[in-house]
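Order of writing sets the chain letters: A, B and C. Residues in each chain are counted from 1.
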Amino acid sequence: MSKIKIKDFNLFYDNFQGLKNINMNIEENKITAFIGPSGCGKSSLLKSINRMNDLVDSCVTNGNIYFDDKDIMKTDVTQLRKEIGMVFQNPNPFPMSIYNNIAYGPRTHGIKSKEELDKIVESSLRKAALYDEVKDSIHKSALKLSGGQQQRLCIARALAIEPEVLLLDEPTSALDPISTLKIEELLQSLKDDYTIVIVTHNMQQALRISDNTGFFLNGELIEFNETDKLFTFPENEKTENYITGRFG
Amino acid sequence: MDKIMKKLIYLVASLTFASLLGIVAYIVIKGLPNLSLDLFRFNYTTENMSLVPAMITTIIITIIALIISIPIGILTAIYLVEYANKNIIMKFISIAIDTLSGIPSIIYGLFGMIFFVTYLNLGFSILAGSFTLSIMVLPLIITTTRESLLTVSDSLRQGSLALGATKVRTIFKVVLPCALPGIFSGIILSIGRIFGESAALIYTAGTVAQIPENLFSSGRTLSVHMFALSTEGLHTDKAYGTAFVLMIIILLINFLSNQVIKKISKEK
Amino acid sequence: MKKNKSDLIRYLFFLSAILSIALIILISFFLFKEGTVIFKEVGFLNFILGKDWSPTNTPSSFGILPMILGSLYITLIAILIGGPVGIITAVFLVYYTKDKHYRFLKSIINLMAGIPSIIYGFFGMVVLVPAVRYLFPSNGNSILTAGILLSIMILPTVINLSEVAIRAVPRFYYEGALALGSSKERSIFKVVLPAAKSGVISSLILGIGRAVGETMAVVMVAGNQPRMPKGIFKGARTLTTNIVMEMSYASGVHRNALIGTAVVLFMIILIINLVFTIFKERNVNG
């Protein structure tokens, strides 16, 4: 079943066209990876799904993106972002305690009861496989955590508002291999409950964790298929060149 | 030739630092022995030349001026940083702030006299003085707040927005707390400016040396008191003593702001 | 509902920001309203070029050329001394200071900026005036004394802005010059400083603005005689001190003439700010 449908989607920064006529369906409870060289538009598309591109003044889009068959441009943006969580390339915990980092989102959406918040914090940390590491320092500053822990905290923070979709923008590019592995395992375990879209530079990562993969080049979606098929029998020559390392 | 240049650089730099340390040392060394209990009597008389009333006046004026200028200054800075689209209004606001910060205090004083004292009929009063100074320190608060808002990483703003928080919530719950130390150091600098100010106060708050009865009474701040003492030329010993107290306060304020700056750079 | 609230807050931000513009207009309006009376009374040119200031004589005379020249000479001395000293100190801070000493020296400069005019003035009165009296044929309250005192007072402005400008010069300019076998001093003065020219000049302009606007320190050491300046060892009155000396007892046209003095001062400051902005932006644009 498709959770997100992208129809004839174009995106412009001033006069530069960043995305050209994108059509794709993102399936529920699957991990979808966007791959491609820098500047190919994969991150722009990801940020269009939760409308983070609204913040860029020069960015104009046309075409439609449907989330559960609702046009995202006609949905209240705060509600949309509550249902579609996002994790960024560099871990960006707020300079507050671990607890407050996670409670920030639920509080934003009106949850005030201490008991309820306690519960959410604990369950989010557990889901992000971070609870055991931080349970004794939950009221200490989040900035004291290591880079990998910070990124898992950011995932926990995103999960705390109970989204249906999780967008990840190169979430492991700033991390060491061990932290990367932990996050990949985490994503695998999360996909039963969430629809996950991940932008990655790392083809091995896409191959390891994703069910479907889209290959982008110069703003176009060149090929979109099941990950195994795309990597073993690419239909397009450009895809083949990219995954065999001839460019990018 | 190069050797001479190098010596010259060292010489000139030592001259700079020596002249400042010289001034501080002179005031401290000459002032300390001239401290007397008279200076700290609760009531001012022409005999004791007590600085306590002036001290109280200074504190009251500082508080009122800051109550006005801090919120306006912070809101302005937020507008400039968080809502900035490069339109013509933004340009005008920036020019206005730069201009305000370049206006000499005597002009603020004169404006305060014409507008607050005469036009609004406040008379020489604590209120007229405080209003005048609140305008004077406004650009300082705006620029320090603006600079510290600019140092807050955009990724934090995006992190908050991506959780569905509104822009306003993002600003007040994430951005402002991060910028707080910088804003705080701007406020300390403003306190220093107000404590040191005299030209803008003589014709707005006036020069009455007693503790003000209410906000409509005239009162002199410590700096104005210092000016009166030193130009009257009658109580040189008291002038030295008062200069010492003022100097110590300024040193303290400076020390505080250095601590704040140190704290900021440690956190980064 | 939510939307309305955030619009309201946004409006509040905007109102605060707009206040700065309103204040400039308000200040200009009231100064000009009361100050330009004197321009109509005696004529603008007679006011700024008149050599005689005798407001309480009958007939009275309102010429502020002596004060304009007083401000000019005192500022000139201040910038001639404070300018080079400030720039060289900035060079020292950037290229000759170890990191561990830098923070201490920088805090001294910041302290210097925080010392009240009144303390500088008092120091000038009890130390500089007697010193000048001793060294030169004068009574000590003079253009020179005021100039020297102001040269110290403008140092933090000149040093801090010059330092920023010097630091903005890409490091490879300096390293490139060194690599060509040029000495450290030569590299700084022939390569780095010329590259930082706009920024350094703008620091001097702001220093001039500070000197022109300074009041309380000058009034304590300059002598304040309202007559045409007669040499640097003699006393003089500046635009700022003219206001502060006489405002307490002025009324009628005399009061207008003092506010008119402030209008002239205000215009000079606006011009200085304008020139400063031009140089600052040029620095930004490279």
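The rule is simple: a residue touches a chain if its C-beta (ideal position, glycine included) is under 8 Å from a C-beta of that chain, and two chains touch if they have at least 3 such contacts.
As the structure is a computational prediction, the values presented were derived from the model and not from experiment.
Chemist: Which chain has its Cα centroid closest to the overall Cα centroid?
Modeler: Most central by this criterion: B.
Chemist: With chain centres defined as mean CA positions, report which chain is farthest from subunit B.
Modeler: It is A whose centre lies farthest from that of subunit B.
Chemist: Pick out whichever of the two, B-C or A-B, is joined by more C-beta pairs in contact.
Modeler: Counting C-beta pairs in contact, B-C comes out ahead.
Chemist: Averaging over Cα atoms per chain, report the distance between subunit A and subunit C in Å.
Modeler: Between these chains, centre-to-centre, one finds 55 Å.
Chemist: Report the inter-chain centroid distance for subunit A and subunit B in whole angstrom, where each centroid is the mean of the CA atoms.
Modeler: Averaging C-alpha atoms per chain gives centres 48 Å apart.
Chemist: Could you grab the centroid distance between subunit B and subunit C? Build each centroid from C-alpha atoms only and quote it in angstrom.
Modeler: Measuring from centre to centre gives 18 Å for this pair.
Chemist: Which subunit B residues touch at least two other chains?
Modeler: In subunit B, the residues touching two or more other chains are 166.
Chemist: Subunit C: which residues touch two or more other chains?
Modeler: Subunit C, residues with two or more chain partners: 2.
Chemist: Could you list which residues of subunit A touch at least two other chains?
Modeler: 78
Chemist: Please output the residues of subunit B touching subunit C within their complex, sorted ascending.
Modeler: Interface residues on the subunit B side: 2, 5-6, 8-10, 12-13, 15-17, 19-21, 23-24, 26-27, 30, 71-73, 75-76, 78-80, 82-83, 89, 92-93, 95-100, 102-108, 110-111, 113-115, 119, 135, 138-139, 142, 166-168, 189, 192, 195-199, 202-203, 223, 226-227, 230-231, 239, 243, 246-247, 250-251, 253-254, 257-258.
Chemist: Taking the touch rule as given, give the residues of subunit C at its contact with subunit B in the complex, in rising order.
Modeler: For this pair, the touching residues of subunit C are 2, 5-6, 9-10, 12-14, 16-21, 23-24, 26-27, 30-31, 34, 84-86, 88-89, 91-93, 96, 105, 107-112, 114-123, 125-127, 152, 155, 159, 183-186, 189, 206, 209, 212-216, 219-220, 240, 243-244, 247-248, 259, 262, 265-266, 269-270, 272-273, 276-277.
Chemist: Taking the touch rule as given, give the residues of subunit B at its contact with subunit A in the complex, in rising order.
Modeler: 85, 153, 155-156, 158-166, 169, 173-174, 177-178, 267
Chemist: Of all residues in subunit A, which touch subunit B in the complex?
Modeler: Against subunit B, subunit A makes touches at 50, 52, 55, 57, 77-82, 85-86, 88, 90, 92-96, 104-105, 108-109, 154, 157-158, 161.
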